[in-house]
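Alright, structures below, take your time with them.
You will see two complexes here that share chain A, one where it goes with chain B and one where it goes with chain C.
Right, the complex of A and B next:
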């Protein structure tokens, strides 16, 4: 079977998505727990959660861009 | 067997110009039109929201809710107590401009998020970059701001050189890059997702037996359209929130 750039790029993107996937799962899970335990702090927790998601997600998105760059 | 013709990536986000000279900087294509629409809509919020009735109606209602939203959800947690008069209107227009350029992803006929081309996110990120670092330099003075930016409080002396390099690279080089890519890649991914399922649906629109699978991608298109409405709001929120965080970090006085 021939190994193509597209296939390698797809595999690399898959690998790159593992870390952020675990990260976002853990982050949101903990935030939900925090909101459930202390509903009055929900607004603050939510803002911080989105911020954290934005930072973690950047890694996955860079992987997504590299996927297209690597195809060529 | 499905005879799918998935368009190459260039075709998904490239639009032929229909006014101006081919290839010139003032050539007008669909993306430029989306910029213009978004600009007009953002200005309309300011114009229509400017009425001062005691009981708000229509556009004034929306304007008041969004000003409150910007104040309480975006500025309060990031910058804290804010005395700069220009900051809320700036963040309001940033938020609405990004939201409107994003939402054209799901508007029928247009269906093109302007932020799926890197030009606009890059411009907005560099614009924010100049504003928050400029404000930091104004607040702390040139040397003071560099020290404020690269030397975090409470770091042991031995670690300082390493931390300074990391902080400098992350604050001055990586920050605008990730700010850009976050908005750009999210919208591009959403657009490709919608195109994929639309192409699948079109491929299954046949008289062969496998047309029975047509409801699956057709339902996916509807579902992801709803999802993308949420994403356009969320990305506008995140972009503005991050501007607030960077701005707050640049002008803070805690240490």
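Right, the complex of A and C next:
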């Protein structure tokens, strides 16, 4: 079976998306716990949670860009 | 002895919306520079590719904020689900859009990829700097007009 560049890139992209998925799950879980325990700090927690999610997503976006460049 | 109060939803102001409004404003300010770099490096195709990347970055942030803000008003449990499935859906949307456009002659992979990563991280770092300063010194929160000087 021949492995093409596109197939290899897609596998790498899929593997690259696992880490951010775990990171977002952990991050949001802790944030939800913080908001439930301290509702008065929810605004601050949501702001930092949103930025954290976006930072973690950058890893997945890098994976996507590598996939996009690699399948060409 | 009173039982601890556990909140199940957050009815406060949507903090994500403020963050994204800042990011979109800054993104639109720096977009002409990114487009110029695309024009100088790759011509008109570079401009189109950079414009697509900037639009995807800003739309991704806006969609994430809208989904999380909506979920937080309903239930904190829903925030968990929306954050995870929102991540998958947004990543899938970006992939689908770019996959659909990949055969277009004007789509240059390198400027597109660079603009996507640099735009995403650059706007985030810029906003994080602003938010960190606001949280550490709430009284010194910069006014938008002063910040643009």
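Assume the second predicted complex is superposed on the first by the 72 of 72 C-alpha atoms of A that agree within 3 Å, B and C clash if a C-alpha of one lies under 4 Å from a C-alpha of the other, contacts with A are read in each partner's own complex, and residues count from 1 in each chain.
Note that in this section contacts are C-beta pairs under 8 Å (C-beta built on N, C-alpha and C of every residue); 3 or more make two chains touch, one makes a residue touch a chain.
Since this is a predicted model, take the numbers as computed values, not measurements.
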Just chain B (first), just chain C (second), both, or neither: which does A:17 touch? second
Looking at A:62, would you say it contacts chain B, chain C, both, or neither? Reply first, second, both or neither. both
Just checking: does A:37 make contact with chain B only, chain C only, both, or neither of them? Give me first, second, both or neither. second
Determine, under the contact definition given at the top, whether A:51 touches first (chain B), second (chain C), both, or neither. both
With the two structures laid over each other on chain A, which partner does A:29 touch: chain B (first), chain C (second), both, or neither? second
Looking at chain A, does chain C or chain B touch more of its residues? C
Chain B and chain C contact sites that coincide on chain A, given as residue numbers: 43-44, 47-48, 50-51, 53-54, 57-58, 61-62, 64-65, 68
Contact footprint of chain A on chain C as seen in their complex: 4-8, 10, 12-16, 18-19, 60-61, 64-65, 68, 72, 76-77, 79-80, 83-84, 87-88, 90-91, 94-95, 98, 102, 109-110, 112-113, 116-117, 120-121, 124, 127-128, 131, 135
Chain A partner, complex, touching residues on chain B are 9, 73, 77, 178, 181-182, 184-186, 188-189, 234, 237-238, 241-242, 245
Across the complex, what residues on chain A touch chain B? 43-44, 47-48, 50-51, 53-54, 57-58, 61-62, 64-65, 68
Listed in rising order, chain A residues that touch chain C in their complex are 17, 20-21, 24-25, 28-29, 31-32, 35-37, 39, 42-44, 46-51, 53-55, 57-58, 60-62, 64-65, 68-69, 72
